[in-house]
Structure formats: C-alpha cells, structure tokens
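One chain, subunit A, links the two complexes that follow: it is found with subunit B in the first and with subunit C in the second.
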Partner chain A sequence: MKYIRIGGAMTATFALSLVTAPAVLAQTEAQKALAGAEIRFLQPSMPQFAALGKFIPEFEEKYGIKVIVDEVPFDQYRQKSLVEMQQGTGTYDFYAVDVMWLAEYAAAGFLDPLMPYVKNPDLTEEGYDIDDFLPRVISGTGVYNDTLYTIPLGAGPVGTTFRADVAEQAGFKLPERFSPEFNTQYMFDAAKKVNNPESGMIGFANIPGRWFWGVTYLPYLYAFQTPETVGNEYLDKDWKVTINNQNTIDSIDYFVSLKEFMPADSANWGIGEATAVYQQGGAFGVWNYQDFIKGFFEDPATQAAVAGKNVHLHTPSGPHGVIDPWFGAWSFGMSKDSKNKAATWTFIQWITSKEIQERATEFGAGPSRHSTYKSETLAKFQPWWLPVYDFMLKDTNPDERVRIPEWAEISDIMGEEGNRVWIGEIDSATAAANMETRMTAAMKKGGYYIPGRTDLPPQNWRDLTYYDRLPSQWK
Partner chain B sequence: MATIDTTITSPDAPPVQRNGWVYAVIIAVCVVNFLPYLWVVMTGFMDGAAAASRAPQWIFTPTLDAFRYLIFEKGIMSNFMNSLIVALCSTFFSVTIGMFCAYALARYDFIGRDDVSFWVLTNRMMPPVAVLIPIFVIFQTLKLLDTLPGLILLYTAMQLPFVVWMLTGYFRDIPRRYEESAMVDGDTWFQAFRKVTLPLMMPSITATAIFVMILSWNEFAFATFLTSTNAKTMPPAIMAYSIGADIEWNVLGAAVVLITAPLILFVLVMQRQLISGLSQGVVKK
Partner chain C sequence: MIHAEPSQRLPVHPRSRGMLARFGPSNRKVFPWVLMAPTLIILFGIGIYPFLYSLYIAGHNVILSKPYLPRIFVGLYQYHALIQDPEFWHALRTTLWFTVQAVFIEFWLGLGLALLFQRSLRGASVMRVFILIPMILPPLVAALIWRYMFYPGAGLVTYYAGGITRALGWGEIPFLSDPTIAFQTLIFVDVWEWTPFMFLMLSAGLASIPRQPYEAAEIDGASSWRVFWTITMPLLRPAILIAVVIRTMDAFRTYELIVIMTRGGPGNATTTLNVFLTKTGLEFFDASKAAALSLIMMMIIIVMSFVFIRVFRSRTEAAE
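The block that comes next holds the complex of A and B.
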C-alpha cells in the first residue's frame, strides 16, 4: 500500500513537472543567477507602457529580478532622459526610446548594441525568434548604422478615427481602412455633413497647436504629393530643401480648412484637447496614433460615449491618390551606463517575447511581431490592427520624418509657420516660402551644403529595401 | 419678558454700513474662486466616464476608484511623504537661517550691506531652468541625486532669498529700542532677540513660513529632473500618473485633492497668524 502511495505521488509529481516544464526550462542557468538583481526603467506616461506594466509582477516572480519603473510626463520625458544619458548617471538601466530619437541617442553612444544579447543563448530564451519581428518595424525602430540598438513595442501609423454611429444617422457609411474612397475630399464632405456645433457635434477635431504639426499636419503634406514628387517632400537628392511648392501650399490650405469645424479658441489644441472633445462625444472625427486606439477610444470604462462606435481609418489619401506612409514606434533601449545589463536584457527579451506581446494586446499594447499580428488575441481585443499588417510590411516609411539631427528644428519650423496660417497671420504660400528659407538655414548649419562633403547620410527613404533586411542580419 | 439690549455704542463711532451689494460682491468673488476647486474635487470622486463626459455631471455616484488607483496601484503616499518631509525640513531650515540673516541685515550696519540685500533679491530673478544642468551636475558629483537631503538642501537654498527679503522688512519695523531696553536690563543680544523681538516677529515668521512651505510643496521642475523613484515628490508624480498623451480627469481630480488638502489644512490652522503677519507694518505708527 505504501509503495502504491509513493508511486502515485511520483506519478503526480512527474505529471506536474510536465505541466510546468515549459516555464522552468525557458529559464537559462545564467538567467537564474540573476535573481535578486534590480533594474530601473524610465518611461513616459502612455497607454502602451501601462499595458506592458501589468506583466512586470509576473516577470519578477519568474526571474526574481526586481523592475522599478519611473514614469515621467511625456512633455518632460525627452529632456529628462537626455540629461540622464548625457551625464551618464546610470540611474536607469533602460529607456523608452521614440523612433525619432534613435539616431541621436545611438550616434552619441548612449545605447548599447543589442544583437550580441539577442545571439547569446545564455540570456535569450530559445523561442525568442528575432526574425518574428516585422523587418521594417524592427529596422525602422531600432537600427542605426546597420546596428540594432532597440527592440520595438508596438509600431504603427497615425490615422483618423470617426464615429460610425454618427455617420449612420447622417445617412452614410464610412469606408474601410485603406479604401481609396476615403480621400481628403471625402473626409471634408463627411465632416461638413455632420458638423453641427449648436447641438454639440463638430465635424473634425483637428490638432493645430504649433508643437504638433510634425505629427498631425505631416500626413497631409505626404498625401498631397503626386506620384512623381514622392520622396522629395522636403528634400531632394542633394539635400536641398524642396518644401516651397504647390503641393505644400495645397496641403496647408486643406489642413487649415478643417478650422471651419472647430471652435474659435482652438488654435493651440494639442492631442489632449482634441482627444478629450472626441472622447466626450463632441466630435465626429479626430487624429489617432495606432498604438493609442485602445487606450484613447475603445475603453468602455473611461470612454463610454464613444467606445465600440468607432471606425479607425488611415489619414485620407490626397487628390493624386497618395497615402501617407507614416511610421511611429516606441522601443526599449539599454543604457550604456547600466550596471545590470544581463538582467536588463533578460527583461527586454521577456517583455518583447511572442507570448507576452500577444497577451499584452488584451490591455492595449500594440504588435510588432508576425505572430502577434496573426494571433487570435489581437483579433479579439484590437481588431483594428489587422488591416495595418500589410501596410507595416510593405508601405510604411521609417524615414517619413527624416531621421537626421535637424528634424526637431524642421518640425518646429513647420509648426510655427503653419500655425501662423491657422491664426490668419500669413497665407499658406508665405508659410511654404518661410519654411523653405528657415529649413535651408537649419540644413546649412548642419553642414549639408559644405562643398565636397562625402559623409552625408544615405537617403534610405528612396529605397526602402534597406529596411526590409531580416532582423537577424543586423549587427 | 423683553430682552434688554446692553450694547453700548460710542457716540463718535462711525455708523455701521449694511450694504447688501458688499455681500453680493463677496459671495460672487467666493463662488468664482471656489467653484473650479469644488469641481476638481468632485471630479476626483467620479469614475472615468463621468469625469470625461461633456455635460457637467453634478449628480453622480461617488467612487474612490481614482484614489484607489493613485494610492494602491501607483503608491502615491510615498511621494506624499517625500513631499511632506522635504517641504517641512526646507521650510524649517530656510526660515531659521533666513531669520538670522534678515536680522543682521536689518539691525547691523556693515560694508556691502546693500549689495548683499540686492544680491539676495537677484537670486529670485534667476529662472530655475537656467541653472538646472549645473545643479544636476553638482548633485551627481555629491551623490545627492534622488535623495531627500539633496532636495531639502536645494529648496532651502532656493527659498532663503525670499525669507531674507520678507523678514528684513519686518525686522526693520520693530523699533530697536525694545531690544536696547532688554539689554539695559542685563540680557545679552541673543536673549533680547529671543525674548523680545522673536515673539513680536512670530506672525511675520509664520506668514513667511507658510509661503515657503507652499513654494516647496509645489516645486515641479527640479523635482522632476533631480529625483527618480526614491525621492520623487507629489508634483512630478501627479503629472506622470494623470497626464499622459491624454488626461485622466478623475485621477487628476483625486491627485489635486491629495496635494492641496495638507496645504489647505495648514493654512486654515495658521490663518490667524498669516493675516496678522501679512498686515504687520501696514498701520503707520
């Protein structure tokens, strides 16, 4: 009887070990040795980070590594992270890195290359599969000088969100994402049809605040190009500024024409103001960023007025059929001053693994892996991502906002001159001319016009195959 | 039985004016000042949907969700304690040190006194952002980043000019002969200062301390850049937890309640001293 009992217990133990085997085996000996380490992460307050934050306790329990997250308001995030990196404080082991800052951070040597960690079987779990990331997403987000510096969370385009129920009441049905029918004229007409400020519904909540033009106006600058001018939106092959042209003038005029739907005091509206009006049910349409959709528009607990009633579309194509090829992403980058690099990488590879990325989509995090795009979880909780898969594979342009150190200044110039048109101080032709003059000065200051200079960066946006390399092929 | 009116009015007293408009204006001013705060406090007790709704929700089911989120999920009470320690300590040190400095400037004549006074004032003119990086480097060198002593030291230094400038004027208003009389009776200058001047100065010192406390409690820029997780105070924590790419209004409302409640309590307790301190010196002697 005693033997039967022992045998039963052994069988049960064996069965239990089989059940728990994947989790136990997934951890390497080197990772087990990291138990007790403490790593620090600096991040901005954003919905996708909040979604991933829910998994930190699970990681801590599994690896015994403590993760301390420091959250900073988005407005202060860049300055704070730059000061910390520049001074080499080592306070943070890893940082959230926006796609637009990668060149600056990597060139300055603030970040550690990650491919050696990816290829280290002691620190990277067997099923990590770096090639599961969409090539253009991982290279667009994390590669600088052919070297991988960051691993992306979700990555996606900006677009527009509209109230399907309002359209239905007005007697029309909004088209599907990437339908050619949804162009700038369609959007304007649809907004005009439902615009009724007296009854609390404006046609479109635009974002004309001067700081935001680099993300809210830019899609229209692209949309108003002709197939012939694509690639020369602001710079030609010799880095000469080309923005003073009819396409720019038309795109500014279109962007400013949306003022017709907005209150008189909206000249400084940013993402927060426009989103709040939409969330309250006071606008028919609004700008969106793909990674914000769940957190901004589809959470029934906080957006009861709009959740479940939305259609998420692309930025409308322009008069010549061109669609903005927007690329936006946040990623994890390891500080060169980290004192816990092995533990930090252990966390990064875990939080960006197939399993966690898929599970995190339930809470609002976005996909950057093929497997996540194809998962049932994403289809169930964030179906608006599915039409974006092909776009992120083939059409998105990581260099849409040209990744040179002068971009911040270029974006500011665009915002300042554009906002002057919005408030009626100058016309769009003057704004385009001013943009060209000021951007040229910025490029000149950056040394782009020094005769005989041969080390100018490649214009990868003219041949996007650069970004299509398999992820594992980067250094 | 009729009540006997025992009020005695001096024949020289000016007639009491009972003008209803005065009350109307006072009420209007109070409403204008109080209503936004009341609304923010109410928002803190709403759920996310009610707080974000377009039409103001005067009637709603109160919930502590936002407080629960801040206190239990985000652990904001540790930020609260940091704020409290930093504000109290920096107020104590800046007022104590500044008081003696102000006394010296008010009572003693020495070479460069006016220059020192002016230099103290100019310190307040410097925008914090201009010295942010140098202070960051100093803190890094001295290993004061993300520490409470670092913030206390900084805020003490920041508030000293304000304290000195305020108290110098108040000290000058107290006649020197009071201390001289005490010293004639055998007190040392410090005893005269402690027994005679200090009690007279208490309302002014309290009023100054309240202002310093408010300034330290609300300081945002340095707290954001010089702290991370150990010494983070309420202002950067509140901004981070309630304002991301969009704003969670109920969380912001709850945060406003948490950050303003101690100050309101403090000022309510000290209001008699505050008014007395602020009005000191306004009556011509």
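The block that comes next holds the complex of A and C.
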C-alpha cells in the first residue's frame, strides 16, 4: 500500500512537472546538420557568465557543437572586444555585449541583426517565444536604430547591499526596497551610525576608482536631478552638453562625502576592492549590481561572513525624490564576421531559452523573461529579484546612460574628473566644468555639431514608450 | 678535390650570364645592394612602412571603432589638437618628471654600487647576481609583484607600513591613492627594477678604465674625491652616456609598471604619454590622434638623445 502511494505521488509529480516545466526545446533538422561545428565566445569574468558556463557541456552534448570560451577581466573587455571586432577576422563568433557599449558596436556594424534568426524556424526552436522577454530589457540591451542586435542573459538595476544585522545591533532597521525613506541623507546617516574603522567596520565601501564612475557614481548623478532635469543629465535636445550644473556638483559632493567612511588608500578602489571588503565583513554597505548578488553576497559556500545577513536595496533617492532608473545588463551579440552563424545562433537561442534561463538562476544568473521572473526556481534561489519585476517592467529607463557610441569616452571623462575631486586635486565645480568642456570635444569629434547633419540618432530616453514595443516587433 | 676543366663546365644560359654580369660580384656598384636587399626589405617592412603609415594616419581622421565616419585628410589638425589638449601637456610633464627623477636616482645608485663592487668584497659575485634579479624579471611580473605588495590594506608593504604608521597615530599611507605618493611609489619601483642596469653598465665602464692615471694620482697625493671627479668620471663618460641614453629612452616609454600599478591614476596623477597614448589608441580607438602622439613622442626621444650625445661628446672633447 505504501509503495502504491509513493508510486501515485511520483506519477502525479511527473504529470505536474510536464504541465509546469518550461517547454523543452526540440532540435530542428537544420540544427542537427551543425554537429561538429566549433564556435568561439568572448566574455568578461563575471558571476552570471560563470553560471551560464555550467550549461555549456550540456549544449555540446545535445547539439554536437563545440563552444570555446575566452574570458578577460571586465576592465579589459571593451578594449579586447573592439580590437577583435574591428580586425574583422571572425576570431570570435559571438560576444558578450554590455548595454552601455551596444551603440558603439552596432553603429560600427560589428554585429549581425538577430531578428532574421529569431524568425527562422529552421534555426529557432519552437517555444523560444521572443515575446516572453521583458520589453524594456530586450529593447534596452539589444535594440539600436530599431534593430535587434543582441539577446539578454539577465538584466537588473544597480542597487546597494547593507548588513541588516549590523543595523540591528546599532538599533535601527533598514527599510524595504524602493521605500521613499531610503534617500541619500538616510544612507549617509546610517553609514555614520555604524562607521567604526577601529573595530573593522566602515560605514560604506564606495567605489571611487577612476574607471568605475560611469557605473558607481551615476546613481547619485540621477538621484540629485529634479523631475524637470531628468533626461537632460548629459545632453539637451540639440546634443549640447549640459553636465556643468548645480545637480552634478551636488551629486559629486555627495559621492565624495562618503570618503569619510573609507580608508585613506581607497582612491583607486574598484568593484573588486569594495566588494572584497564587504565580503570579509568589513563594511556596512556597498554598491551592488543585481546580477552580482547571488555570487558576491548570498552564496553561503563562498561568502560565509555575510550570506543571509544582507538587505538588498535600490540606490538611494535624492533630495527631490528622484531615483536612478537605469539597469545594467549583458547580452549575446553575433559577430558580423562569424563563419558559423547558424551554429552561433543555435547556441544563443538555447542558452537564452526559457528552460536554461530558469535553470541558470539556481547558479546566480539573472532573469530577463517574464517566465523566469515567475518561476519557482528564481523565487527559491534568488528571492531578491521579485521586488524589481515591476520596476523593470514600468519604471526602468534602459537609456539613461545615453545610447550613443561616445558613451565610453563620456564615462572615462566623468571618472577622471570625478576621481580628481576625490583625491582633493580639484573641486566639484571645476570637475563639472572640465567634464562639459571635454565631453563637448568628444561629441564634436563624433560629428554631432556638423551644421546641417540630419542623421543623428533619436534621443529615445525622452520617450519611454519606445521601449515598450513587443520584442517581436523590432527589425 | 676534382676541378672541372673550363671545357667540361655546364653550359650557362646567355640570359643568366647577363644577370650575373648586372647583379653579380663583378658589378661593384650594384652587388653590395644585392647583398643588403633582404635586410633592407625587412627593415622597410617593419620600420619604414609603419612609420610612413603612421604619418598617413596622423594626417587623416581615423577612428577605428567608428568606421562609418569618413576618412578625410585633415593635414596637421591632429598635432594642433594635441598641442591644444591640456591632457597632453599634463602627460608630457608627468613623463619628463618621471624620467628625470627615475634616471637621476638610478644613475647615482648604480654608480655607487659599481664603485663599491669594484673593491674586492667577500661574496661579491653572489651579491652581484642578487642585485641583477629585478632587471631580469619581465617588467609585467615586476609590476604585478609590487602591485600586490602595495595592495590597499592587504599588501605586504601596506600591511606592515600601515601597522607602524597606525601605531604612531598617522593612519594608513596611501601608497597608490595619493597623487604625490603614488607617483613616488612608481619611481621607487622603477628604481628597484632598473638600478641594476646602471650598475651593470657602469661596472663594465669602470673595469675598462686603465690603472695608470690612478697610479699617477696616487703618487701626486690626490684625494679620493679629486680622483673620482678628475679621473673616474671623465674616463667613465662613454659608459655613462650609453647607460643614461638607454635608460632615459626606456623610462620615457615606461608603460607596464604604470598601467599595472595605477593605470594612470589616481585622477590623472600618473598618466604619462604612453598611458595617454594607449587610452587614445586602444580605449577610444582614435588611431589618428594616437599616431600623431606617437610621432611627437618619437621626436622628443630623438631630440633628447641628440642633446645628450652632443653634451657628453663636447665635454669629453674638452676633457681630452
């Protein structure tokens, strides 16, 4: 009787799993013919890629296509990828593409548009369902000039992580994510309350290194905007650089005020240094990126000092209640020079399928599909994603870091001038003025001020409905 | 050995005979060029052609990451833009200051060591090997070692130095975070790595100085200080010239050390011309500006070397 009950339960579970499990992709005939092909991928070393890497042997076994992965540190990635792309040798069949560099890659013609592959039933398996991707995520990561160039592998907002246990010991409780209570003043005061370097606890592990401002300072640049200046942080409608203003100065001053909690030798701290201090239990708070949370803060196997003790918040809102709406994301883009495009697409559509996206969340990859957000796997292994679903659907602005090929230079200029304020070489007003002068030169070099030029890209960040198109509607 | 009689030799094709007459050893004007041709072709391929191509690129508007921008001839615009760029002047000042400080310290330390090792010391040969180790290390490895030695909070130097300064109530020493200290830290590492080179070159120079002038000075009762300035230094001048010129050119082009340890930061405190060049060429892919910058750098190095050689030669001639 006992065995019958167990058997019945197993049958019921199996039947249920058939109904609820994501659609398992079936190979097409064209894909079967690709067995024996070899494709090369260039990626940065990051937790989400490590999570997806676990699935490559499964892909190779299923399709007979060999995937060779080359990995370089994040800070060398753009340089390496652009050198490879502009050589046009097709060394790499596909690349990891950061949302902030898409414009540069796509405008140069280094990537192949992907919609023809998505709509090719010989290469895209039934059940792939491109419309299952969150509209702003797929358009934000992969669309340039109305054309789909990449498929995302997870996309999330930037945020902050704090030690809930430390706050409790200090007699306060940290607010929930998106709580209006969590603003720049709150964050500063909370950090000050617990800051005690003598006992090995700094208030906030900020990231002031010159090469990171384009990521870590921006949440504050946005936070210090007023509702009227949102969208004009860098450029006005005529592409004139606008960064030299009081909001920028105030945001730099705030960012640099966090220096109060940091050791004297922290001016070059990057994500690695700040995260390491937090992981070792030496900081109350740190910047985060949603895709890093599992690997960097919540993995009990590797982060024993802090795992399970954290609260993951958004970046703080500013004095006028504005919060940073942008998200960061990586995606897969196919090289225009790939000699194995069918095999490459077979991999991209497989690794970004509903099934693999959901299973990868167990290992730290983030969601970019509706189905992944709603899956039990995500809820079980990375519950901190659930509060950002609505934000990613309705509030996020994928283009806050203006989608133009000049972004890398703009970001570098901000970092250099900002870091000079951090080390006390110049003040924030001088930095803002220098930023404006140098960014204007970069825009001029990019041809934005050629009189009569009519082919300048649209400033889509001013009209968010642009990003709400169903993914299948892109070219 | 069997020699074939002229009548038994294989017949030579009249055309081959003509070629031999034109390019063979009998044509004393052309034959040396024939022998040098392979070398000249290689030299042109790896030296002159890239130089000419750099000139071409610097005269145009080429941004490798923006192939959609038209490649137009811009004349001397890139040079003009560089001269107007405060970043360029900052990088030039930083480079010159780094070069002057590093070479100055390395020269005097190297000379001191060379003079010390000229005496018969016990274990000198073993010590010589140890002194040369930093120079043998690849610059990248040396930079990485020191990067970790100065790693904030966890490096060997920061840990122990920090322990001492904290005990004294001074706090941490920001070895790589303070603009002035970071610059001096880089000079320290460069001195550590390249003083052995100066030592080696100057030791060789000292060994080649004849003994007679010293013996004559001893008979005349000259002080060691006077011997040093009137005999050693003048006779060491050729070795000093070579060592200083090589090191100056090398220090001027220092790259790995700075990129690994500070990447030109904090701010732009340690951004030298080479770091600026790499940023321009390989981060912003502005090939034209980078080409113009590299040509300017080349001119500076040529001028500096020329000045060194002229100054040393005139002083040597005056001494003779």
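Here is the rule we go by: the second predicted complex is superposed on the first by the 450 of 475 C-alpha atoms of A that agree within 3 Å, B and C clash if a C-alpha of one lies under 4 Å from a C-alpha of the other, contacts with A are read in each partner's own complex, and residues count from 1 in each chain.
Basically, contacts are C-beta pairs under 8 Å (C-beta built on N, C-alpha and C of every residue); 3 or more make two chains touch, one makes a residue touch a chain.
Note that the structure is predicted; figures quoted are calculated from it, not measured.
**Q** Contact-wise, after the overlay, does A:N419 reach subunit B, subunit C, both or neither (first, second, both, neither)?
**A** Second partner only, subunit C.
**Q** Quick check on the superposed pair: does A:T275 touch subunit B, subunit C, both, or neither? Answer first, second, both or neither.
**A** The answer is first: A:T275 touches subunit B but not subunit C.
**Q** Is A:I450 in contact with subunit B, with subunit C, with both, or with neither (first, second, both, neither)?
**A** Neither subunit B nor subunit C is touched by A:I450.
**Q** In the overlay, answer first, second, both or neither for which of subunit B and subunit C A:A305 touches.
**A** After superposing on A, A:A305 lies in contact with subunit B but is clear of subunit C.
**Q** Applying the touch criterion given at the start, work out whether A:A267 contacts subunit B, subunit C, both or neither, answering first, second, both or neither.
**A** second
**Q** With the two structures laid over each other on chain A, which partner does A:L470 touch: subunit B (first), subunit C (second), both, or neither?
**A** neither
**Q** Between subunit B (first) and subunit C (second), which does A:A379 come into contact with in this model arrangement: first, second, both, or neither?
**A** neither
**Q** Applying the document's definition of touch, where does A:Q79 land relative to subunit B and subunit C: first, second, both, or neither?
**A** both
**Q** With the touch criterion stated at the top, can you tell me which subunit A residues are shared between the subunit B interface and the subunit C interface?
**A** Subunit A residues touching both partners: 79, 83.
**Q** Flag every residue of subunit A that touches subunit C in the complex, lowest number first.
**A** 78-79, 82-83, 86, 104, 107-109, 209-211, 263-269, 273, 277, 405, 408-409, 412, 416, 419-420, 422-423, 425, 445-447
**Q** Which stretch or stretches of subunit C touch subunit A in the complex?
**A** Within the complex, subunit C touches subunit A at residues 63-69, 152-153, 158, 171-179, 262-269, 279, 282-286.
**Q** Can you tell me which positions in subunit B touch subunit A when the two form their complex?
**A** Touching subunit A: residues 47-49, 52-54, 132-133, 136-137, 140, 145-146, 224-225, 228-229, 232, 236, 239-241, 243-248 of subunit B.
**Q** Looking at the complex, which residues from subunit A come into contact with subunit B?
**A** Result: residues 40, 42, 44-47, 50, 68, 70-74, 76, 79-80, 83, 87, 89, 91-92, 200, 271-272, 275-276, 279-282, 289, 292, 295-296, 299, 301-305 of subunit A touch subunit B.
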